[in-house]
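Both of the next two complexes hold chain A, though its partner changes from chain B to chain C.
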Partner chain A sequence: MSLALENVGKTVGHETHIADIDLTMEPGRFYVLLGPTLAGKTTLMRLMAGLDRPTSGRVLVDGGDVTGTPVRKRNVAMVYQQFINYPSFTVYDNIASPLRRAGLSRDEVDRRVRESAETLKLGNLLDRLPGELSGGQQQRTALARALVKDAGLLLLDEPLVNLDYKLREELRVELRQIFSRRSAVVVYATTEPSEALIMGGDTVVLSEGRLLQHGATHDVYHHPASMQVGRSFSDPPMNFIPGEVVGGEAWLGGGRIRLPLSGHLAEIAPGRYSFGVRANHLGVVRNRQDDIAFAASVELSEISGSETFVHVDVDGTAWVVQEEGVHSLGLGENIEVFVNPRNVYAFDANGWLVASPPRPGAREAAE
Partner chain B sequence: MEKWPDNKAWFLVLPVVVLVCFSAIIPLMTVVNYSVQDILQPGMGFFVGTEWFERILHDERLHGALQRQVLFSLTVLLIEMPLGIAIALALPTRGWGVSACLVLLALPLLIPWNVVGTIWQIFARGDIGLGGAAVKALGLNYNYTASATDAWITVVIMEVWHWTPLVALLAYAGLRAIPDAFYQAARIDGASAWAVFRYIQLPKMRGVLTIALLLRFMDSFMIYTEPFVLTGGGPGNATTFLSQFLTRLAVGQFDLGPAAAFSIVYFLIILVFSWVFYQALEGMGKGASK
Partner chain C sequence: MKVRKRTLALGLYFVFLLLPLYWLVNMSLKPNEEILGELTLLPQNVTFENYVTIFTNADWYTGYLNSITYVSLNTIISLAVALPAAYAFSRYSFVGDKHFFFWLLTNRMAPPAVFLLPFFQLYSTFGLIDTHIAVALAHCLFNVPLAVWILEGFMRGVPREIDETAYIDGYSFPLFFATVFLPLIRAGIGVTAFFCFMFSWVELLLARTLTTVEAKPIAATMTRTVSAAGIDWGLLAAAGVLTIVPGALVIWFVRNYMAKGFALGRV
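Presenting the complex of A and B:
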């Protein structure tokens, strides 16, 4: 089934939760809803499911208007952040419940329950009650219950958030495989840019109830349409600094950083811009010949795993530098930071993308 | 290195041991002491073995009081539990109504027990009581001081009025703790209101309902003040429950030996009943509290 939202909005009292969303979703594809907490991801999912009625706009399924159709008459499955299972049912009965309500024969129910239990590695836990399972197993049960239905629309609202790191990685990989075999519209909400990148598919970036950008995940990542998308779809958020293009050079931060206008930046007209660069494209050591160095003072340096995140002050603007390896940098220390012009984004005065670096693959091919 | 026993830890538990001794063990042992002796005057007692236990267990008055007590507790539980759950389900979930309802519900719980008895004693009177007069006006011959049935009904209604709010408040707390996602999931599944109650709300409330049931059972099984004030155990012995029987034995007749023996039996009965209730509820829908 295909799902289309036409100009959908939702206001509660005087608060706008969702505004003017236009979105078409194709069957068999995977959509990531990316946005910070309170961006409206859950609200939008509830509208897609039919749990809530939009206050404006229409919801279409396969071209037919279902805006007023209650959720029980739609073919929808949903998985939540919390582990939602019937507490007094065994894993088997939990998975079987949507099928039994649909009135399927015993054999058919049994076959499909065992099949989806197998997919989610619950085969030996079918007699247990949810209370006797670990968090990961409980969420697997909830996922199996959603998958067994063969719903045309499968909504996953941050399903892995309450699991520990290891389990999350494991389930994420499995889910990607399971979804790739489905013909449903799968929508997966997350707050983490890295999760969106791992899951692939399409990404819909939401912020404060508005749709900022929609496209193939890697396109959105490499060509964020606006500064807001750049901020949302980077962890840590993309670094920005105001600058000016004059006489074949871009002067950033009042001239502290001077970039030659080459490559993708060659075409931009003189004027004022905001320049953006992701933390992983900044370094405290020189990587390439044409790296540009500039001075910055260290405000904080934190080590995460085998990487160092250095928070620096560049002409009054706070930036984060992500550097491979463990570096110890003292507070207030003046250091040199390196940036390569080929990784710099330019946004106009309204925050819209003007120039973005070519995709990594394309760049490699050009060299 | 040689190991030597370090007994310092005992000093740390000593205060608790002393406290428990004075608050529980010594009084209990005193009762045990009385229950196996015939005490004629202070410092002069004879060991009588199980005589008091035998006498008390064959006492017809005790049998009557025990039967009434069990019937009373079961009646009260059968009314209070479903009624409390129903009230909890009917309460509003948001807005100013929540606090208003909770305060109204909590009022009976805040009234001292003997005052509850006094309130109902007056309220249920046929001549000047609002409730009693209203029932009489309906043409019913109602008099709780003369008719055993009327006295029973009055005591049960008083108990229900007094304690159902506790069950309702506990059940309400249990209901509020259920994440909204459960209800959404039920809607997506197309579950009926009954299915939501039976398969989501009831199992999720199991923990608090167990506590409510145990509290209500123990309290109702030990009820003393309210019927004592309302009916004084009458008419006849119609509303004499175990506590009141025990008090008459110990304070009224000063039969300390049998009274002590009976105290121990009473204690054991409550312990056994509570244990049975607890086990039954544990077995029912295991793991549902999570």
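Presenting the complex of A and C:
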């Protein structure tokens, strides 16, 4: 089924939780709802499911208005961030419950429960109660219950966030395979940009209840429509510095640093801009001849395994540099941070994207 | 040394706690002559005569049956009324819900005697005097608020997402409530039933005033042992022992949930 939201809004008291969202979702496709906590992801999902009623706008399923239809009468399945199962039912009964409610025959229920349990590796746990399972197994049960139903709309609200790292990686891969075989609209909410990139599909970027950008995940990542999207769809957030373009050159950091405008930046008109660089394109060592350097002072240096996150202060703006390898930098140390002009984004005074680097795939092929 | 002091204190506590109980049981097994004649720590002439009287004399055992009838009726009515109310309080917010919730509890703050006269008048008008349902309904005034309060605590402990998942799965509300929700708050229902039972079982004033013959509670029957010939101590003690038994049984069944119940589910 296809799902469309028309000017959907939700206000509670005087607070706006969702503002004027227009979105069309096609069957058989995978949508990632990306946004920080309180962006409205869960609220939007609840509106899609019919658990809550929007205060304005309409929800259409296959072109028909379902705005006021209660969730029981819709064909949806949902998995929550918390592991929600019926604690007094066994795993088998948990998975079987939507099928039994649909009035399927005993044999059919049995066949589908076992098939779905097999997919999620719950085959030998069917007689247990949810309380006797580990977190990962509980969430698998919840996923199995959602998948067994063959719903037209499958909503997953940060389903992997409460699991440990290893399990998350594992389930993520499994889920992608399972979704690829489905003809449902799958909506997957996450706060992590990296998860959105791994899951692929389409990404809908939300912030404070507003839809910022919607498109194929990699397009959104490489061409963020605004500074806000750049900030949301990067982890750590994209770093920005104001600058002015005068006569084919950009002057950053109060006019002290020259950024030659070539490649994707060649076309931009004179004026004030904000230039953005992702943390992984910044470095503490010069890699190429045409790298430009910023003077920075170190505020914090975090080593996470094989990478180092260096929090620096560049002209009063906080930046984060993501550097391969382990670098120990002292607090307050004055260093130089390097960036290659090829990786710089430019945003106009209103925060809209003006120029973005070409897709890395294309670039590597050219080199 | 410290441990021994504690042991001693606990020992004394138990002696004081159990002494009246022991005395009651002891007395119930003696004939009246021995009770009045000499001080014996163990019955010298063990007799079950007192118990036999209670179990064979209809005047006596109907007292128990009456008590059990109105207590059970009260527990069932209280639960049936309090379950939906508690669900509404735990799941929905409506105008004045918090004030209403508190007001319910204030009902318990009034002494039962205050309601004696209005109840008597009202039930007389409707011809309900001396019926089991009269006592059961009167006790509801105190038990329903308590039941709502306890059940709400337990229900609040069940995540709302379980309700939603059930609706997504296609459950209707009654089916969800009966097959999914009630099993989750089993402990709460047990504890609530216990509190209702306990209040109703020991309450004497309302029960005695609203009944005369047909629905007379056991506690009222016990006053019958006073006669011109004096008090039948042994019989009275035996009746007392039998009055404790149902309460002890109920406590035994809900003992594991008691702590949670006393915290009104809010743990």
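The rule is short, and it goes like this: the second predicted complex is superposed on the first by the 363 of 367 C-alpha atoms of A that agree within 3 Å, B and C clash if a C-alpha of one lies under 4 Å from a C-alpha of the other, contacts with A are read in each partner's own complex, and residues count from 1 in each chain.
Everything below uses one rule, namely that a residue touches a chain if its C-beta (ideal position, glycine included) is under 8 Å from a C-beta of that chain, and two chains touch if they have at least 3 such contacts.
Just so it is clear, the model here is predicted, and its values are computed rather than measured.
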So, after the overlay on chain A, do chain B and chain C clash or fit? They clash
**Message:** Is A:129 touching anything from chain B or chain C once the two structures are fitted on A? First, second, both or neither.
**Reply:** first
So, does A:24 touch the first partner chain B, the second partner chain C, both, or neither? neither
Check: Should A:262 be classified as contacting the first partner (chain B), the second (chain C), both, or neither?
Finding: neither
| Touched partner set for A:180, first chain B, second chain C, both or neither | neither
Original post:
Once the shared chain is lined up, is A:297 touching chain B (first), chain C (second), both, or neither of them?
Top reply: neither
For A:80, decide between first (touching chain B), second (touching chain C), both and neither. both
Dual-contact residues of chain A, meaning touching chain B and chain C, are 49, 51, 71-72, 76-78, 80, 82, 84, 86-89, 97-98, 101
Note: in the complex, chain A contacts chain B through residues 46, 49, 51, 71-72, 76-78, 80-82, 84, 86-89, 97-98, 101, 129-132
Listed in rising order, the residues of chain C that touch chain A in the complex are 159, 161-162, 164-172, 180, 183-184
Chain B contacts chain A in the complex at 179, 181-182, 184-185, 187-191, 199-200, 202-204, 285-290
Residue positions on chain A within touch of chain C in the complex are 49, 51, 70-72, 76-78, 80, 82, 84-89, 97-98, 101-102, 145, 149
